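What follows is a pair of complexes built around subunit A, which joins subunit B in one and subunit C in the other.
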Partner chain A sequence: MSEEPLLRVDGLEQRFDASGSLFDRLRFENGRISAPRRIVHAVNGVSLTIARGEVLGLVGESGCGKSSLAKTIIKLHEPTAGRIMLEGEDITGYGFQRMQPVRRKMQMIFQDPYASLNPRQQVSDIVVEPWREVAGGTSGDAHERAMQLLAKVGLGAEHAARYPHQFSGGQRQRIGIARALSVNPDLIIADEPVSALDVSIQAQILNLMLDLKDDFGFSYLFITHDLSVVRFISDRIGVMYLGFMVETGPRDAIFDNPRHPYTQALLKAAPRIGQPLPPAAEQLTGEVPSAFVLPQGCAFRTRCPLAHARCATERPALKHIGAGQSVACHLHEADETPLPAAALSAAA
Partner chain B sequence: MTAQTDAPLLRVCGLKTWFHTFGGVVKAVDGVSFDLSPGEILGIVGESGGGKSMVGFSIMGLIDKPGRIEAGEIIFDGRNLVSLDDNAMQAVRGRQIAMIFQDPMTALNPLYTIGNQLEEMLTLHTDLGPQARRERCIEMLAEVGIPQPEARLGAYPHQFSGGMRQRVVIAIAMIAGPRLLIADEPTTALDVTIQAQLLRLMKAQVEQRRTALIMITHDLAAVSQMADRIVVLYCGRVVEIGASAALIAGPRHPYTRGLLDSIPANHQGRSRLPQIPGTVPDIRKLPPGCSFAPRCPRAAERCRSEIPELTAAPAGGAFACHFPLEAAP
Partner chain C sequence: MATNMPAAPSALRRFMASELAHNWLRSASAIAGSIIILGFVVMVTAGPYLTAQNPYDVRQLDIMEAFKPPMWLEGGTGQYILGTDQQGRDVWASIVYGSRISLFIGLAAMLGSALIGATLGLVAGFYGGRLDTVIMRIADIQLSFPSVLIALVLMSAFGTGVDKVLIALVSVGWVVYARTVRGATLREKSREYVQAARVSGLPNHKIILKHVLPNVLTPLIVIATIQVGTFILIEASLSFLGVGVPITQPSLGLLIKNGFDVLFSGLWWISVFPGLFIMLVVFGINLLGDFLRDELNPRLK
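And then the complex of A and B:
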């Protein structure tokens, strides 16, 4: 890990303006007219690295900013602040033109295999489109390339001339994977690639994705809400909550020894086969706060069973706690004064 | 499992729900049988296209053209629901049997307050006066964990989050005191921490009232936490049925085994997942023998010609397979 990581993201922020038009914004209060903006704080200062050949799994519940983070890294959204370095090259400020060669190194697989393929394109054209854009090969080459790619993902030559509607969900996801592979990328960002699939098909696609990684040696940023999937595929895991990275670490450390109260609650809430429902006392209460108005201090404190006074005033930073594991929680800071007795008894 | 000594509340027998389309006859449900006692939780699992939702819709009498119930009986509390006319069925639906749908965003009417929608159930199915109805609505909302229920009666569905809406949907389903609740993928659209809250709520509600529950889902893990017994469907037929713990510990049908193995959490280390090859066949062109034969590692000549009957296992439960897996020791 001493060499430069493939991808390094520092303090990335993504805010979306959801105010709408001036007319939507106009307010009349206390005799004054104002037009306040409504800002979604989707990603709040996230830092991460991905090494070559590594799978970083990103988990969190809906609205935690994991998809926004992915789309910002691949520059489908312009970041509000922070830095994105790919192979040591700072791509944060790159415009559309300068991103073109970078996209050869970074490709994306989308969640919905029905919406992410052009219904009017033949499969052989779909899978080579990124390659055509960056390499500009001839049509003869393109056909040959398409055949190779389809074979890699377990589809046959007979599928090449068909259209997306003639395929099942699992096969469509294979087409999406072939398209991402077409430019031999170094990093594939996969946003919930198996969430829309049945469990037997999901296993096929996960196996395929791991086989291809071993063949080609690229890295994955793998986004999912499914804890069993993330455990299967990841080398390291990042847990997000309300746009913050609350914990990162090696897969086994996260699952065997989660340190952040949110990670602990998430793991307990996940249904496990053949196990009884977890006791109510171990369940999180309440729901995720709105990303329009972030809580003061720690984002998780409104649901945290261990929250104490400091959590309401000071936002915890992600700090390394040893063995590659980092956590953003006041409970795990070395210089932290012992936990107030009241907080501990409330948790018990 | 004490519930099973009672007379069954519901007995579904040889149910066939077919859809007559231009592309051929879709046998969405093709000879499904099971029974259910008061207070029992039955899980129906399977992949998309397995026919599990259609079993729920058939019981509720919600099958529309071109679909119809071709054969079979649905005996609920001594009456065959298949032979009831629309008016008689209307009296059963909502009052005796209620349903919770997958998508809490579309299950509620956006133009009415949730107070209206709750109260409608009481107006239709009880003799309570306006004041009593209002009180019962407030009580019910509090029971499903909606904070400030009195104030929330006047709120519209869009003012609630997904988890809160599903709580409202559960309140509407339970308020008339049904004896059978059918929940079709009740937590699939929700986050995992909210899912855990709602599964617990549903379980508490049905236990408290001895309501029978049919939970239809693709999520074997969630159903194993809830159900007393599990029915596994494949291409409209029951491939295995059994007590939850036994079925998960020692499945007899290769499809059940495959489903369990496909769950990444059941898999140690990061070698390849055991996978079921191929995909679910087109239900209009099912193979002549066992529908699972083309994907089955144990399939032999007999499987490709002869449909296996559901046979009872000595240890309880039943499976439809010519070459079943060994029983668990």
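And then the complex of A and C:
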């Protein structure tokens, strides 16, 4: 058997019931009373793998299910369907107790450095919290551990007794990183860790995150909507649209040779200094369809300039097209090659 | 470099350096409220040393001294500053001893309501679902009746006594904590630090106690302050109506009732001074409570 990747996610689905209580749902239509449910299709059959020491960047527009995917992988939400395997161990159905050892291997850095730290907790308590809960840390060693962690993220001992509101956004995100590091995890899920920061601070934090990865050898699932950030930090990239993974591949392949019409449009839409914006004909029009009612067939067909009849009836699966690149688009089925055993399995 | 860690500043130091302390020292009403409350607390704790007479000790009472007016009126003496009642009890001494009962009831009922209400609010807000619905519907039903009415009904069923007054007040008072804490819990629960605590492996009860509770305490403190005043008033109403504390443990409300029978015979001081005193105390508590509310929770303004 080939080497098992650190993280393997198969056909993961996440649906949220947004309908509220019975009273909120009650409708009176056509002379009949009904109480329909409103289901958000946040993640629709996503498969991905992350190897040891690899950075998988996940890009997509706001609301495309990136954060939902991340929070489902770390079991903040229970998955509706699919499997999550960490080091070959199926953690999909794990309850609170069985997740404890898993949390030692998998930690998370949150998007908002202002909301992700408890304002009433001292920094030295914040950074050792996962270590105390799941890695057997003791109160006696906690101070020393906190000092080590703060030093690793470039904060000093003088910061230990302070409260989060006494720090800038960048410093707060360093505290969040130290918290994730405290258990020496194998995988860190970073949910838009720099999007709330100033551009000058973003570079510092990204460099810190890469340095720490080189020191400790862990992997990142790095979620962002910023193409320059994903290009800087990723080894491989996944592109998401409306809860579907539409293209994955090595970073350079995605940037130099995007194959999915959505990836192409996304890259073209990013403004670059010294280059004019693409002509209007090449820009995407229309709105992202509602996640309450997914389109039949391909989710992107309502905005795709190349959509044809087949796209409206059949949902394209993510297929390997060579050089580690996979695309979910009917246009690329001609040059389809058989899937290698360890590569991505087809999306549901 | 920073080899010797700067010690964490003491709680008092941190408080004095805070914006709250700064504004407190600049708010006339907050200082006035604090002085009234401080005076009241000193009076209650030092009680027996402030009065010549123990109004509960029958041997110290002299029926010949009954109905003496306050000292500045004709017939008044310096021995009874605020006059005496129909038993010859010193009105001032009765107020001092009555305040002890009133304040004890106010504080104890506040603590009981806060404990029960905050616990229910945290549980309802954090876990949601059916439990939340049940707790909050009970609260809604209870809020549709005036609290004095509920307390009155309960007291008529229980009979008189300090313990029964406490039960009645707690049954009335928990609702406001439960609602406020539930709302604050719902808000805090959705913030990322609660998710971070989950990812850190904290069980629910630790998340509630370590992360949610400290962040919902602020509105709790505001309500608790004002509620002590409200409870003193409700207790006074109950005692005035004859369903509160027993005659052997007269609270401020019962003192008013004592003098009420003879109020229109010109013997006004027996009722009026305890009444004015309740007014002053509740006024002081509300001054401080309003200041805290404005400072700590501007959205409640």
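The criterion applied here is as follows: the second predicted complex is superposed on the first by the 332 of 348 C-alpha atoms of A that agree within 3 Å, B and C clash if a C-alpha of one lies under 4 Å from a C-alpha of the other, contacts with A are read in each partner's own complex, and residues count from 1 in each chain.
Please note the rule applied: a contact is a pair of C-beta atoms (placed from the backbone, for glycine too) under 8 Å apart; a residue touches a chain by one contact, two chains touch by 3 or more.
Just so you know, these numbers come straight off a predicted model, no measurement behind them.
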Inset, instruction - Judging by the criteria at the top, classify the pair subunit B and subunit C on subunit A as clash or fit. - result: fit
Legend entry - subunit B versus subunit C as contact partner of A:K71, first or second or both or neither: second
Legend entry - Touched partner set for A:N118, first subunit B, second subunit C, both or neither: second
Inset, instruction - With the two complexes superposed on chain A, say which partner A:A265 touches: subunit B (first), subunit C (second), both, or neither. - result: first
Legend entry - Residues of subunit A touched, compared between subunit B and subunit C (which is higher): B
Inset, instruction - Please work out whether A:F96 is in contact with subunit B alone, subunit C alone, both, or neither, and reply first, second, both or neither. - result: second
Inset, instruction - Check whether A:F232 is in contact with subunit B, with subunit C, with both or with neither, and answer first, second, both or neither. - result: first
Inset, instruction - Check whether A:L206 is in contact with subunit B, with subunit C, with both or with neither, and answer first, second, both or neither. - result: first
Legend entry - subunit B versus subunit C as contact partner of A:Q107, first or second or both or neither: second
Legend entry - Minimum distance between Cα atoms of subunit B and subunit C in the superposition (Å): 11
Legend entry - Parts of subunit A lying in touch with subunit B, wherever the complex brings them together: 61-62, 168, 170-171, 198-204, 206-207, 210-211, 225, 227-229, 231-233, 265-266, 268-278, 280, 283-285, 287-288
Legend entry - Contact set on subunit C toward subunit A in their complex: 1-2, 5-8, 191-193, 195-203, 210-211, 214-215
Legend entry - subunit B - residues contacting subunit A, complex: 47-48, 161, 163-164, 191-197, 199-200, 203, 218-222, 224-226, 244-245, 248-249, 258-267, 270, 272-277, 279-280
Inset, instruction - Please name which positions on subunit A make contact with subunit C in the complex. - result: 71, 74, 76, 96, 99-100, 103, 107-108, 110-112, 115-122, 129-130, 133-134, 156-158, 160-161, 176, 179
